[in-house]
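What follows is a pair of complexes built around subunit A, which joins subunit B in one and subunit C in the other.
== the complex of A and B ==
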C-alpha cells in the first residue's frame, strides 16, 4: 500500500487544533510523492521511471553528438538553399501547376515509421495499447493494439479508451516548423485495410494562439474489414472543426496552405483488439468537386 | 468601419500637429482590425493580431519620436523636424507601418491570412496616411531612406520568387514598389506620389481580377482562361505593367525615378534598383505565363461571375509613356 501515512491525532489535542489550523499538517508523516518542484518540470509518461534529479544535474553533455547535430542542421540548411533555386518546396513551378496527385506518406522502410507518433489511453492511466510495425514485405504500415475503455481511477476521468497515431511535425534545419502546402489539392486519398472499426482522421493546421492550438479538423473513416484494400477519398471540404475532441458551433473550412500533421484516432467504445493497415496517404485534386465547405457557416439560431 | 478608415486617413492628411497625425493613424489601424477578422477563420485572426502588434509598435515609436522632437525643439508642428534622432525614428516607424524592408516581415503573412478585398484595402488605402507624413518631414540623413528603398526592392524581388500563393506574391510586390517610392522621396516628392498612385491603380485591378477568378494560388489561376477569358487576357498587361515594361504605364514612374537618381549622381544605386526590378519581373512573368500561356489538363465547371468588376484596369493601358 502506497498511501501516505495519516497521522493519528490524540483526542486531547484536537480541541487546540481548532484554533491552530497548521498543527495537523506539521505532524503529518513525510508524503510519499516527491516535492512539487521536481514534477513541475514536465510531463512524465506513465511507465517511465521517475527521475528525481534537479534540472542542473540532468544535463548530458556529449560533444560528438553536438557536432553531429550541427552538421546535420547545416546540411539541411544548404539543401534548403539549393531547393529554393529550383522552385517553391524544391520542385519547379511547372510541377506545382500540373500536379494532381501527391503521395505524402508511404511506408516502404523502417525509417518511415519514425515519422509517426503513437499515443493511447495509457498516458492518462488507462489500459489500451497501440503498436506500429511494418507490414508484409515492408510495403505497408501495420497499426495494431488493444482498446480498453475502462477509465483510469483518478477520480476525474469518466470515459476513456482511445488510441491514435499522429504524424510528426515536419521540421526544417534548426528544428523550425515546416508546413505542408496542399493548396493545389482538394481531396485526401488513403489506401487502407481495416477491421471494420470506425476511425477518425484528424488534420491539424497551423494555429497561432494558445486557445487554438488544439484545433483539429476531423472526419470519419469507416473501414470495411475484409481482405480487400479500401481506397478512401475524403474531400477537404468535409472536414469539420473540433477542439479537443468536441465539435464546435462556428465552423469554417480547413485552409490547406499550412497543414501540420495528420492523425488517425480510434475511439469507439468497443473493447478488444484492433488492426489497421495503411498503404499510403496522399492528396489529390478532384476537378469535379466544387464544394467549398460542407457545413453551414451562417448563424443557425439568429436572435430576432 | 469604412467611414472610420476614411476618417483616419483624412485626419492624418489634414493634420499639422503630431498628435493629431498620430491619432489619425491609430484610428486607421483600429478601424481596419474588425474588417480584417470578419471571416472568423483562425488564420484571419492571426493576421489581425500580427498587423495590430506591428502597427501599434510603429505608432508608439512615432509618438515617442514626436514627443522627443517636441521636448528638444518645443515644436509640435509637422514640418519643423530639425533634429536627426527624432527624424530617423519617425522614418523608421513609418517604414514599419508601410512594410519597408527590413521591417517587412509581417507583410506576407498578414496578407496571406486575409481575403482578397481586405488585402486590397490593406495594401492600398493604408499606405496613404504614412506616406503623407513621410512626405512632410525633412529627412535629415539621406542614406537611411536610400538604404530602406534599396533593401525593399531587393527583398521584394527575392522574396517573391519562391511563392505560389498569390497574396504573398502581392505582398512582396507591394514591398518592392514601396521601395521604389522611397528611393526618390527626398529628391522629387511628386514622383513618389505618382508612383504611389500608379501602384494603387495596378494593384487594385490585379486584386479585383483575382477576386473575380476567386483564386488564391497560381495553380487555380491557370483555370481562369475558361472562366473569364477577357480578364485572363488583360492580367498579363497589368502584371507586366507592375514589372515596369516599357510600352505599359508602369514603366513611367520607374523611368522617371531612375532619371532623377542619375541626376543626383546616384547612378550605381539606380543600376541596383533596376536590376532588382528584374527579380520581381520574373515572378510577374511566371504568373502571366501560368495564366495565359498554359492550358491545364482539365477544366472546372464554368462558374460565371454575375457581378461586374470595375473598369479601372483599362486605365493603365490607356495611359502610355
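== the complex of A and C ==
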C-alpha cells in the first residue's frame, strides 16, 4: 500500500465544508444527522438548523411556577380519588352504563377555549392565519382566519395552505395522559355553522408503536353555510385511517376506548377568509347504526 | 319484405319467432322501436321505445352483405365479430366492424353491449395493444348525452352502465399497459363531461339562486328576483350599473314575520360569506332579536285543527336514562330569520329596494323600524344615507359580524339602546 490512508468524509460534508475555512480544525462532530430518528423529533421547519441538545439541558427551572404546579397537581389528585368514590369517571355507575349522549366539548365560557390548540401553515412559513374566540353571547366558539395556499419559498415544501384546530390531550394530575373512553358510543354529533367550506374531522387515538404516532382517523365535514345551524352526525365506523395526511391501504376501524384528541382541518385550496362556529361536540349512541366499518378490510393487492 | 307498420301485419307476414318475442316482450303502449331486417330496411313499430332497445340484443348483421342468416335464436353483438372469417381478422376488419355499427344507427343503440363484445374480441383480431383502436371504440359512445348537467345527476352516478363501460375500456387498456393520449382524454371529456362535478353557473343571478336555495332551511322557500342587473341612466345623464337583487323567503318565515311585534325593530345584517367551491358570495339577512322569555307566548293549539289525533297530550311520561336521545345543552335562541337576499352591491339603497320588494308580501314591514347593520370593509358604504320613513340610521361599521352589540353605535334609536343593553344579543 503505497498510498496513505485518507480518512473518509461523507460527500455531503465535503460540499458544506468547502465554504468553511475551519474545516481541518473541526472535529468529527455530528453534522446533519440527528441523534433521534426523524419520526421522533417532531417537525423541523426547513432551513432552520437542527438543535441537538441532550434532554437534560432542555429543562428550565423556576421556583414559583413549581409551587403553583405542585398545588394544582395535588388538587387534581385529590379530585381523582374522590371521583373514584362516586363511580367510574366521576359519574354514578348507572349513568355511566346507560348514557346515550355525552357532550364532550361545550363552548360556554372563556375557559373552554383553553382546551384547544390552533395551528396553521404559518409554522412552516406560509401566510395563513387562524384565530379562535367566543361567539355571540359567549355561547359558541368562533374559529376564523384566512387561508393562503402559496407555498413558503424554502425549496423543500411543495404544497401549503392549511389551518387547523385541535383539542388538547386531556391530562390528569402530574401531567399524565388521560384518554377519552367512547366505547359505549358510536356516533359523533357536532352542531356547527360554517360558511360552505369543506373541513375534515381528525381523531387521534392512542397508539402503541412510535411509528403510529401520526396516525389519524379522518372524515369529511361539509358545511352548508347560511344563518342556520347544522347538525352533523358522523358514525365512528366511517372514519378512515390516514398517516401524515396520506390515506392508508390497510384500513381498520377506529378503536374508541383510548381517544386522545379531535381536530378540524381546512385545506381546500380556496384562498380567502373562512369561519366556523361550533356550538357543541358530543358523542351519542345510535342504535339504528349497526355498521362496524365502512371500508374493506381485506388486502387489495394480496401477495400470492 | 317491405316495411310493415303495425304489429298484426308483422305477425301475419310470418316473421321469425325471435322478432315476435322481442316485440311481445317490450311492454305495451306508445313506444317506438327500430328493427332491422335482413334487407337493411328499418322497421318502425310504434309500440316500443328506443330506450328499451339498448338492452335487447340486436339481431346480427353480416359484414359482407351476401351472407344472410336465419335469426332463429337471440343473436348477440359478438356475432358481428364472429362473422368475420378467420383469415381476415385484422385491424382493418375490426375497424370496419366498428364502422358498420356506428353507421347502422344514429342513436347507437346497444352500444354498451357492443363495446363489451368488442373488448373481448380484441385479442382475436390482434388489436388489443393498439391505442387508436381503443380511441375508435370510445368514439362509439354518443357524445354529450351522458354529461351530467346538475349536481343531482352528478351525485347519482349519471348513466352508470355507460360509466362502467368506459371504465372497463380504460381498465383493459391499463392491463395491456397502454398509455392513453390526448385524443383519449378529449373523447372521454366529450362523452362523460369535464369533471364529474358540473361547474358553478357563471351568471350572478343563477349563482345567487343556487346559493340561496342551498342555505335556506326550508324546501318550500321561494326565490324572487327583485332586480336583474341592468344599466340605468340617472337624471344627470350618467349611466350607473344596477345590481341584481335575488331574495328568498319561505312561507313559515312569512308567518313568523307576520307575528312579529311591530314595536321591535328588524335588522338587515350582512354581508356574510358563503363559499361554493372556490367562489365566495355574500348574502344578507333580515332577522330580529329573540323574544325575551317573559314575552314569549305559548302557542295555543286549536283542537279543531286536526281531528285525526290530539295535538296536545296531558300525559306525564318521562324517558329513562337509556332512552334519552337529547344532548344536555342549552338551546341557543338566536332570533328568527325572516328572509335572505343576495346582491352584488350591498349598500343601503339596494337593500332598501329588497325590503320594499319584500313589503309587498309582508305588509308588516311598513310599520316595523328596520335597522341596517352592514359591515364596512367588504362593501363600499354610502357616506350618509337619507333617513327614510320607517327606516333607521345609516349603516354601522363593524369589523366583524360577531362583535357584541353593546359596542355599537350610540346614535341608534333610543328605544333600541334600552333594549340592547341587556344582553339580548343575537
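As a convention for this text, the second predicted complex is superposed on the first by the 240 of 304 C-alpha atoms of A that agree within 3 Å, B and C clash if a C-alpha of one lies under 4 Å from a C-alpha of the other, contacts with A are read in each partner's own complex, and residues count from 1 in each chain.
The working rule: a residue touches a chain if its C-beta (ideal position, glycine included) is under 8 Å from a C-beta of that chain, and two chains touch if they have at least 3 such contacts.
The model shown is predicted, which means the values in this text are computed figures rather than measured ones.
K.L.:
Answer with clash or fit: subunit B and subunit C placed together on subunit A by superposition.
P.N.:
Pair status: fit.
K.L.:
Let me test your reading of the model: by the given contact rule, A:100 touches which partner, first (subunit B), second (subunit C), both or neither?
P.N.:
Touch partners of A:100: subunit B and subunit C.
K.L.:
For A:84, select first, second, both or neither according to whether it touches subunit B, subunit C, the two together, or no partner.
P.N.:
The answer is first: A:84 touches subunit B but not subunit C.
K.L.:
On the superposed three-chain arrangement, identify whether subunit B or subunit C touches more subunit A residues.
P.N.:
Counted on subunit A, the partner with more touching residues turns out to be C.
K.L.:
After superposition on the shared chain, which partner residues are touched by A:250: those of subunit B (first), subunit C (second), both, or neither?
P.N.:
A:250: touches subunit B, not subunit C.
K.L.:
Once you lay one complex on the other using chain A, what is the shortest C-alpha distance from subunit B to subunit C, in Å?
P.N.:
Closest C-alpha pair between subunit B and subunit C: 5 Å.
K.L.:
So which bits of subunit A does subunit B touch that subunit C touches too?
P.N.:
Correct list for subunit A: 98-100.
K.L.:
Going by the contact rule at the top, pick out the subunit C residues touching subunit A in the complex.
P.N.:
211, 214-217, 272-278, 280, 283, 285, 287, 320-330, 332, 334, 337, 340, 400, 402, 404, 423, 425-426
K.L.:
Where on subunit A does subunit C make contact in their complex?
P.N.:
Touch residues, subunit A against subunit C: 94-95, 98-101, 103, 106, 133, 135-137, 139-140, 142, 144, 189, 195-197, 224-229, 269-270, 272-275, 279-280, 282, 284.
K.L.:
Which of the residues in subunit B come into contact with subunit A in the complex?
P.N.:
The contact residues of subunit B facing subunit A are 39-43, 45-46, 49, 112, 161-165, 216-220, 222, 286, 290, 294, 296-301, 303.
K.L.:
For subunit A, which residues count as touching subunit B in their complex?
P.N.:
These residues of subunit A touch subunit B: 84, 87-88, 93, 96-100, 181, 183-184, 205-209, 212, 215, 250, 252, 255, 257-258, 287-288, 290.
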